[in-house]
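The structures come next, written out as structure tokens.
Next come two complexes built around chain A: one with chain B, the other with chain C.
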Partner chain A sequence: MKQLSADIVLGILLVLTFTSLVLLAAGAPVFAAFQNIWLGSFGSSMKIGQVLNVCIPLIICSCGLLFTFRANLWNIGIEGQIIMGAIGGMAVLRMDSISNPTLLLPLAFIAAMVTGGLWGLLAGLLKTRGGVHEIFGGLGLNFVSQGFILWLIFGPWKRPGIASMSGTELLKHKLWLSTLPGWRIAIAGLVIAGIVFLLTWLLLEKSRLGLKLKAIGQNPRAALLYDISPEGYYLLSIALAGACAGMAGFLQITAVYHRLIPNISSGYGYLGLLLVMLAGYRIGPLPLLALFFAGLNVGAIQLPIVLQLDSALSGVIQGCCVLSALFILGLEKKRRQK
Partner chain B sequence: MIADLPVSVLIASVLAASAPLIIIALGETLTEKSGVINLSLDGVVLFSAMAAFAAAKETGSLGAGFLAGGCAGMITGLIVGYLSIYLHLSQVAVGFALSLLCRDLAYFLGNPYSRIQGPTLLAARLPFHDTLPSFLQNILSQPLTVPAALTLIALLWYFFNATRSGLALRSVGENPAAAFARGLNPNKVQMLAVLAGSFLVGLGGAAYSLSLKPGWGRPQGAEGIGWIALALVIFGGWHPLRVALGAMLFAFLQVSGISLQNIFPSIPAQVFQTAPFPLMIFTLIFMHYSTRKSRISTKPANRLQRRLGLLFMSRAPKSLGKSYQQE
Partner chain C sequence: MDVEFKHIGKRFGAVQALKDINLRAISGSIHGLIGENGAGKSTLMKILTGYQSRSEGAIFIDGSRVELKSPEEAADLGIGMLYQEPMDFPSLTVLDNFSLGCPPQSESHLRRSLLELSTRFAFHLVPEQMVELLTVGERQQIELLRLIHCKTRILILDEPTTGISPAQKEALFPVLKQLTEEGMTILLVSHKLEEVAALCNEVTVLRHGRITHHTKAPFHFPELLHAMFGSIPEHDDKEAPRDTGDVVLSFHTVEAEGERLGLHGCTLNVRAGEIIGLAGLDGAGQSTLLRLAAGLTFPEQGDVTLFGSVLPRNSSASHIAQRQQTAFLPADRLEEALFHDISLSEHFSLKEHNPPFLQSGKKSCRQAEKDIATFSIKGKAEDMAKDLSGGNQQRLLLALLDPESRLVLLENPTRGLDIRSGQWVWQYLRNELPPDTAILFSSPELDEILHYSNRILVFHDGEIVLDSDVHNTNHDAVAAAMTGVQ
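Presenting the complex of A and B:
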């Protein structure tokens, strides 16, 4: 425990030092930049609402990624899985034949989960059947889904008259997920994130599935001897991750943007990968770290306006956190060996 | 041919568009031959492109720009090398995190330099340019990056196959323990390979911002290139020539996308810009899969097939991605 807190303090020092150096190199006021991020993320109840809106899809994606990481798979295709989930959900929401939102929204939710899951399954099949490493299969599929969503936004689903990067037409107001009174957070989003989190915890820590995934992740050949077929579990874990990503995509269109935009995934898939790495591939620290990452994302939005800095600073801090954590982990492993 | 593009112009633009990618992919080939995967390429390309443009803009010298790009690449190589070779961390984890960090660092630090004019490496004319037929004139007026990339293919092939240090590098990539027993220092060899490889990646990044897509911005236009380079190395079978041919194929897809746009105006331009990326990856996967199958089947019937088989044969360095712990 003592060691852990020492590590955390060292990590925070490393990140603060590196970020300050980067800010100095850009000729920016260091203190003001940090202050702006803080005020821009947790400074008012409206900002906190925005942070939670980032936090919710991030947690859902990260939970999905825990399954693939447990099986030692690098599900880089998660970005595409979010996009496909959003597209799948949107396809249902655009149906004119059903007008009852209490029927349409759950249908869209299921469609998003299924398309996301299938897209994940495709990357899994490329690995198990095609001999393609999941990183490259996933990347290829990310590019495909990126092209697909652009085609939809500029082609068949374009706004009447003008097609633009700003996306499709807004959804009808009754298809927006209802929000907490006074807040702009969808209640359904909070509930879904909570359920996904609990289910992931149960499945990974308390069920045979979690144990088997772990066995495969650590030694696929030995797992085979225990009559666990790696192929089936690879596919299952990546489909689960895809389904989670699909849910995140659904929330992006029904709770946040209320339309389809080219950048509908908002990079949450890659951010989720970083997040899970920083959490040491464990579920416990996820919510708190997700809140931290989401705060950085939202807090950096106003940097260009107030300080004329690029909002990519949040990504710099997030990446630096993960590398510092890895660095400290490596140092410790080395020390223990001596 | 595609649309109304003359063949010579097509060849010229494919060469020009492939040069930076060839340099980047060959840099990664060098690194991976020693057994280390540097997955940070995509961010590093952007970071070095930004550093190169900023340095060239400040000093007014293209040479300083390229040097800065190379050095920026090498610094990231130092991080990858130290964390994965000496601290034995997962090469994939380190590379992926570094890739995102470098990308955002490039956007952040490059902000003051976006959308401004800067020094650009233009196509050079040969001294006997006017005596050439116009077909060759088109093909041969290229920026210096093109001959540099083409020379690098030969140099790297020579290095791997005909020099002692190349042999040392390959033996470490295949079996570091055996290399150690023969008196080599595997960690040092790997570190050098990572540094040299990432220097080349940095030069390739500089070739984007100083020549092919001059200038800096968000997006710069080199996004995704690093991932393509990583895929090229694997499916090019770690062979310099085949990796370079793959890069040219990708450049061809990009160039033909631009002319296809004119034929199908109903399809949005953005689709043509992203299409080469999945096409490339799936072409490579398909090639890989079909050659793998044919190798498993019976022996090749005639000499031609055997030659073709050799050309497509690929095997990863045996200890690729594993970290070696010296005892």
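Presenting the complex of A and C:
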């Protein structure tokens, strides 16, 4: 435990040093930049709301990724799973035959989970049946889903008269998820993230499923001798991750954008991968890390306006975080080998 | 060039792999190096090729001391090795492979050298052909020509006839004789006594890292076998015979891939209550047979029948085998049967039948502690499997074994165990499991096989060459069958 906190302190120091060096090299005021990021993310209730809106899908995606990482799968396809979830949800919301939002929204939620899950399952089947590594399968499916969403936005689902990158027509107001008074955060989003987090913890840490996934992840050959078929659990874990991604996609359309936009996944899938790695594949540190990254993302938006810095800075900081984390994990591994 | 080893010793930590090796191979002769698996032959050859350092002693080439600190140094001195598995580049052409490791030369010059050499030794090699399309024997021929082309003067051959056809073998032997006539020194590492007898001028036998025998041609096989496997008095205290019952496992003309040579034409019936020892040199087919019976690998032809039903040729076979209470315990326990970073108590949970979906850590810990005490495993319920010693890993596997198992397949069950732990394993297998449980086990120790089994199967190059009741055979006959002596 002592070692862990020492590692975290070392990590923070590394990140701050790297970032300051980058800022200095860019000729920017270091302190002012950090201050702006802070103010831009946690400076007002509106900003905090924005941060939470990023935080929620990040947590949900990361939880899903814990399942695949536990089975030692690299679910790069999570981006595509978010997109397909959003599309599945949107397909239901566009149905004119049902007009009651209390029926339509839950239906859309389920549809998003199912399409996301199926998209994940597809990458899983490519692996177990076709021998395609899940990284390549997932990457390929990401391109396919990206193409599909663009086709929908510019084709069948385009706004009447104009097709544009700004997305489809806005949803009817009654299909927007209701928000906390005075905040722009959907209550349902918070609840879903909380439930997903708890369920993930329960399944991975307390249930037989978590134990089996851990066993398969560590030694699929040995798992066979315990009558555990790795293939079935690979499919299950990647479908679960896809379902989580689908939920994130649903929230993106019903709580944040209220329409389908080309960049509906906002890179949260990739960011989720980094987050889980940073958390050392544990669930505990996820909420705080998600908050931190969400803050960085939102806070860096105003850097170009205030300091004439490129908003890519938040990407640089994120990169530094990941590299430092990998460096520290590497150190830890080396220590253990001694 | 003459090679001389003087007082060579090699330690790996506390293990003495080689001790006081004195050996002299003279120019123009073939010197055989024989011994069972783990006798130290490979280690000795790795020291000569510079891949491994020695702990003690010195090596002399033509009377002058050499250091051999790296493979490059060994190659510069003209030491070359032909490996058992071809160490080539399958995606390159014959000519490309031939050119590697030598000083750069023009392609036409290389082609001429290759054709000249292959004509000289009557090999049929096409320079432009891709190596991946060739047989192991042909790849070996390229490698041999390459070594000759690179001015190798001391040639080490590691089991050169493994995996090559009889015709290629016929072609290889005269070449080796021709090379020695031209002054080459050849060291031949082999298990196969008949080859050694046909080729070698001298033979040195290694056993447990020491030289146990050295002799010149002609060779007397019983003498060599004794030096290889030790002379063991027949046991008077053989375990009591067991009653046998119905056929539980049968193989019908099974052909399968696996290990080096796979398994060929295997037909076999195993009855309830039998304890069958699988003897053979490493990779002769024993492990393939065990894995086929466990449903972990599938036959290409023929059927494996377990308790009356034929195992399917897909990944459900292992599940079906386990449903039939068949258990497999591999030799490499940590790599194949345990999970490094999973605790002992979680290992027990994984094996549990019909467990609750949500688990109580405390309850499974209590249960695990009971088993840990019963099997005297030195470890705690929350320890990780990787922290156990080899002997305790085996105890854990036996603790995880379903006590109602009807067929138990063990790959080298006493591997890495001291004598006491080994005896404990056998005491458990014979006395704690039901008497009608059939047990199949492989072991590199002939002694163990002769002592604990009722029936012995001897494997050689992927075939069962001897199937006998333990009372109708003896140590020397088994040893001879293992090494391919008819």
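The rule is short, and it goes like this: the second predicted complex is superposed on the first by the 333 of 338 C-alpha atoms of A that agree within 3 Å, B and C clash if a C-alpha of one lies under 4 Å from a C-alpha of the other, contacts with A are read in each partner's own complex, and residues count from 1 in each chain.
The rule is simple: a contact is a pair of C-beta atoms (placed from the backbone, for glycine too) under 8 Å apart; a residue touches a chain by one contact, two chains touch by 3 or more.
Since the structure is predicted, the reported quantities are computational estimates derived from the model, not experimental observations.
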Per-residue contact with chain A, leading partner among chain C and chain B: B
First, second, both or neither for A:A25, with chain B first and chain C second: first
First, second, both or neither for A:W151, with chain B first and chain C second: first
First (chain B), second (chain C), both or neither touched by A:G137: first
Chain B versus chain C as contact partner of A:H173, first or second or both or neither: neither
Which of chain B and chain C A:R335 touches, first, second, both or neither: neither
Which of chain B and chain C A:C320 touches, first, second, both or neither: first
Common interface residues of chain A - those touching chain B in one complex and chain C in the other: none
Residues on chain C engaged by chain A in the complex (per definition of touch): 296, 315, 318-319, 322-323, 327-328, 330, 335-342, 346, 349-351, 355-359
For the chain A and chain B complex, residues of the former touching the latter: 22, 25-26, 74, 76, 126, 130-133, 135-137, 139-141, 143-144, 146-147, 150-151, 154-155, 163, 262, 270, 273-274, 277, 308-310, 312-316, 318-320, 322-323, 326-327, 329-331, 333-334
Chain C partner contacts - residues on chain A that touch it in the complex: 202, 206-209, 211-212, 214-215, 218-219, 221-222, 224-229, 231
Contact footprint of chain A on chain B as seen in their complex: 39, 79, 83, 87-89, 92-94, 96-98, 100-112, 218, 224, 227, 230-231, 234, 266-268, 270-271, 274-275, 277-278, 281-282, 285, 288-289, 292
